[in-house]
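Would you mind keeping the following structure in view while I ask a few things?
Here the chain labels run A, B, C and D in written order, and each chain numbers its own residues starting at 1.
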Amino acid sequence: MRFLSDNATPLHPRVLAAIAAADHADAPYDGDVWSGRMDAAFSALFETQVRALWVSTGTAANSIALAALCPPYGGVLCHEDAHVEVDEGGAPGFFTHGAKLMPLPGPGAKLSPETMAARLATIRDDVHQVPPRAITITNATEYGLVYTPDEVAALGDLARRHGLGFHMDGARFANAVAHLDCAPADLTWRAGVDALSFGCVKNGGMAGEALVLFGDQANARAAESMRWRKRSGHLLSKGRYMAAQILALVDNGLWIANGRAANAAAQALATAIPGRLLHPVQANELFVRLNGDEAARLRAQGFEFYDWGEGAARLVTNWAQRVEDVAPLAAALSALGDG
Amino acid sequence: MRFLSDNATPLHPRVLAAIAAADHADAPYDGDVWSGRMDAAFSALFETQVRALWVSTGTAANSIALAALCPPYGGVLCHEDAHVEVDEGGAPGFFTHGAKLMPLPGPGAKLSPETMAARLATIRDDVHQVPPRAITITNATEYGLVYTPDEVAALGDLARRHGLGFHMDGARFANAVAHLDCAPADLTWRAGVDALSFGCVKNGGMAGEALVLFGDQANARAAESMRWRKRSGHLLSKGRYMAAQILALVDNGLWIANGRAANAAAQALATAIPGRLLHPVQANELFVRLNGDEAARLRAQGFEFYDWGEGAARLVTNWAQRVEDVAPLAAALSALGDG
Amino acid sequence: MRFLSDNATPLHPRVLAAIAAADHADAPYDGDVWSGRMDAAFSALFETQVRALWVSTGTAANSIALAALCPPYGGVLCHEDAHVEVDEGGAPGFFTHGAKLMPLPGPGAKLSPETMAARLATIRDDVHQVPPRAITITNATEYGLVYTPDEVAALGDLARRHGLGFHMDGARFANAVAHLDCAPADLTWRAGVDALSFGCVKNGGMAGEALVLFGDQANARAAESMRWRKRSGHLLSKGRYMAAQILALVDNGLWIANGRAANAAAQALATAIPGRLLHPVQANELFVRLNGDEAARLRAQGFEFYDWGEGAARLVTNWAQRVEDVAPLAAALSALGDG
Amino acid sequence: MRFLSDNATPLHPRVLAAIAAADHADAPYDGDVWSGRMDAAFSALFETQVRALWVSTGTAANSIALAALCPPYGGVLCHEDAHVEVDEGGAPGFFTHGAKLMPLPGPGAKLSPETMAARLATIRDDVHQVPPRAITITNATEYGLVYTPDEVAALGDLARRHGLGFHMDGARFANAVAHLDCAPADLTWRAGVDALSFGCVKNGGMAGEALVLFGDQANARAAESMRWRKRSGHLLSKGRYMAAQILALVDNGLWIANGRAANAAAQALATAIPGRLLHPVQANELFVRLNGDEAARLRAQGFEFYDWGEGAARLVTNWAQRVEDVAPLAAALSALGDG
């Protein structure tokens, strides 16, 4: 059974059905009825008027968001383990035309206002230094931790005071909201977030994330982002198939149900090995102390997962794994003892 | 009935079936078995060892190809009506980091070696002028004309003599090959083409084109293009769904069958109005003299198409339209007389 | 005697003296007293509050201006013979991050509102096409013609109506103003110009042009341009030597005196060969019908100049040539007759 | 007396004389006799065939060098306090089209092979991560320390083994060589350096540094760098004035004499306060423990310098300060005692 990543799972049946249901001619690009429903669907979800654009990947969503928030000569504060910093092949630099990511430390890939403020204080306001113009956080983080609405709001407050745009990479936004059981609005625009990459691919989709823009500047940023989407080759001719997937997740709450399912599976595993957890398990990722021998034993039983440096492993659950599905792994982990 | 464009048609049933067949977990990105078959499938099609990468759109395929062939300070000779020049929202400038498209005239959006040579002769070889480094042609062209293997080879020869990379935008490559009934190899690498954007979306696919790289430098350019694919946010997590679509078209010749079908429908229309054609009909596009009154009459009968400037219209057929399907339009056109 | 170009002449003695006078320690970059006087000096010259930044070259001034006026996904209307289009090695594409120059025809390298309007009318307002965001003209033009204040104002009006920024490449601005004997203000901001590259190097300077920003957005654009100046490596440590040169030209009207001198020398030549002129002589450049034999005869007499295609030559005068200095060439030209 | 920086000192008299001596018409750009002598002059200095291009600033020299060594999707290892990282306003990101600087720690702004190797080991060789392609070091460093030939060679060896280009920022190269009393060749190409920014402005020049390219690829990189120089607006029309300055420093060893003078002045100060030095004094910079009260006392005596964080100051000497000139400061420092 696979616990490698949630990024390669099959499609949720309703997503595949939505693709089939969209399979007739309509206006090209984003002129079709599905694409036309994006703004309304996300506005309903976020309880305010938003703009929502489909794009192919989380990397594209993040990059277009950063290009909308930061000029080429500016900087973006991020965590040193953030996906934008370590796993996007330089895409942020490409889309922003060379803006500088400014990586910061923090446990569990979480950033605090204090860390950000301390970094900001070191930057002189002259043309010799790159001026910070945006911050980006990932929620849930790359280590499966979740920022609360209050924590986001504290960062949003700092962003506002320093005139910085605020982006949230929500590749696992569903898992974050499922953990918090909060309104999506509380975790985003009410906390000062300007742009959200709303993840779908890890949550039952095939290809396509939503770039959601909040606030006064949403329309202006959407207009510009649509230029960037085209300019980066992301404006699909048959956009309806992408919009249909995303809407299948957003309509009727499939997205949050899937997030809850993945989280529940993770909790079932976490409960089996509380003593081995390297980070609290809040979303759908477990980072587990595991020596080579133990890892081999698990793999011999058919469980697939990645090593995470020396003596540790990462286990990722997904929407398709029910608690009963992961019970064998829970049992196997439990059998390892506390090590 | 729709003759607006071939870029918004439904999926060929075998493409949709291929997506469903790929719907189980596999390695992410391009590590899956479908992606792993791309090189071999295209090598068989082109009768030589090639490299083939899936990308989301024709714009992305064209842009990555140009980035592989032209440095940021260089220039790319193209037709002034080329898709790269007029319809890609500046994507070539984005991917090449500011390289200059050098538009040239030519009837039917075709370029001749003479036109290219004349332009090249005007460019001084000093740092004040942008040095041409690549040429790009579209086959079939934006006006539905087809370059023959000999015509391509003449351009390829010129490219070789001037040290220029040679790219072919094959958004309608299937229609070109179907018209010529030639080997794909004759129209590409045997004629000096270095890189081909092999179109699928207009030919029955959902999203995804193949960037095919030929020749000695194919591996080096593929390695670089894979960096660009990631960097531009085009490396899908679940690449298998894209590879599966493309393979469904390439395997068993569905791509050429679809190209033939679209061409045949276009010929059925062309035969009905030989006196009104503004360009020879070789692929699946008709440019037709049509006044406002005539256009209105056709639309009243349920035929949809775009005006093409004053007194003209564009009609595009697609793989899903059989000759009998387009017979009503052929009859309606015929009834208009020679105008 | 050299009539090759005005870009390689010696320094005006007052420029060299100004460099020597600035030769003591002061604050680095643009913190010195000379740099601090730029805004005031140019505000006085233009009879309004302006911002003025020194940069190393006309190419840098033009490029930074275009970057301030046009986003990376936008387009800039220019003449097809404009320096930015043909002689800056792709610098505008570099500084604008890939914005598209949109070249237009026009006699004498001059653009008309009609030509611009016609081009604008062909551009659809959708994301597939590059949206025009700025226009740039050269005054005096690359063929030595001069736009009048009314002609500039007509273009400025068109720019305003279409929401386009308006840049003037004034590498030979002094020659244009000298020809018109108008207020610099009339030729620039009063006619709708947003940004001017004020040329010094062809007019007695060593290195350094002034980028002058007009209007409501001058401060915002200056702040951004200062980022670009640093980012492109154009913020000299010892900026005072550059500011001192520019001020030596602007203070006490040396710039216009030099422009008048160069123009007068050109007129002296033009008068000698009215029948051979390919363009009216308004500034300091002559384009002259001249066959190979005639050219050889002139060169044998020690006159240096460039051929300008087949059967023509370009003669450029400069500030250091008095009418009596060019009398020998005038005589030699006159002796050739009307050809 | 000023100890703020060496970047705002007057010109060495021989530099000013060289500018005056170059003040007659010659071929524009780099076609003049002074520019034509650059390669030979630097080849003699470095005892091997090199290519040498003048550019306006150190930022431009560094950026063009990095663009020549690193593709847009690559990374450049540098020190976290390096000028390229903290003081060039994002220029490296601009010229490299978004390549990533990868900052590393190390005392005195020096990098060790061990630190670099450790960082390299963390980077996976896949398209998700930015591949390192170059390293850059500053010699003398931003803290006035000097890499020895052996230390450079150890980094050069690591660069070669990992296929990385190797750049040295030599804004204070003269001070480094003066300290080591070694052959310039030993500190550069013999130690594996591919490209050197040879500083002149801090060493008696007005504007202009030399980008020196070594090794097999020097010609190819020079050809490309000349494109970049033009494209970034750094190709001055009257390049002779810049070349003449640089040659005035290189010919007859003025550059190293100036470096020695500045170092000697720094040593004279260092000797006065051995107990307060925060870094060894090897070049022309002193970082000194100094509380607010002490700093105020020095300033009251007319000494100008920058604070360097809390309780510290930076003192920079320059070529124009003889030991006897700085004796008053030495005495004043000495009078402060060990604090």
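Note that in this section contacts are C-beta pairs under 8 Å (C-beta built on N, C-alpha and C of every residue); 3 or more make two chains touch, one makes a residue touch a chain.
All values reported here derive from a predicted model rather than from experimental measurement.
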Chain of greatest Cα-centre distance to chain C: A
Chain pair, A-C or A-D, that carries the greater number of C-beta contacts: A-D
For chain A paired with chain C, centre-to-centre distance based on mean C-alpha positions, whole Å: 50
Chain C-chain D separation of Cα centroids, rounded to whole Å: 34
Interchain centroid distance [CA atoms averaged], chain A/chain D, Å: 42
Interface hub residues of chain C, defined as touching at least two other chains: 72-73, 88-90, 94, 97, 127-128, 227, 230-231, 235
Chain B-touching residues of chain D, taken from the complex the two chains share: 71-73, 97, 127-128, 131, 224, 226-231, 235
For the chain A and chain B complex, residues of the former touching the latter: 2, 4-5, 7-11, 16, 19-20, 23-28, 32, 55-57, 59-61, 63, 88-91, 94-95, 201-202, 206-207, 227, 230-238, 241-242
Complex interface listing, chain D residues touching chain A: 72-75, 86-90, 93-94, 96-101, 127-130
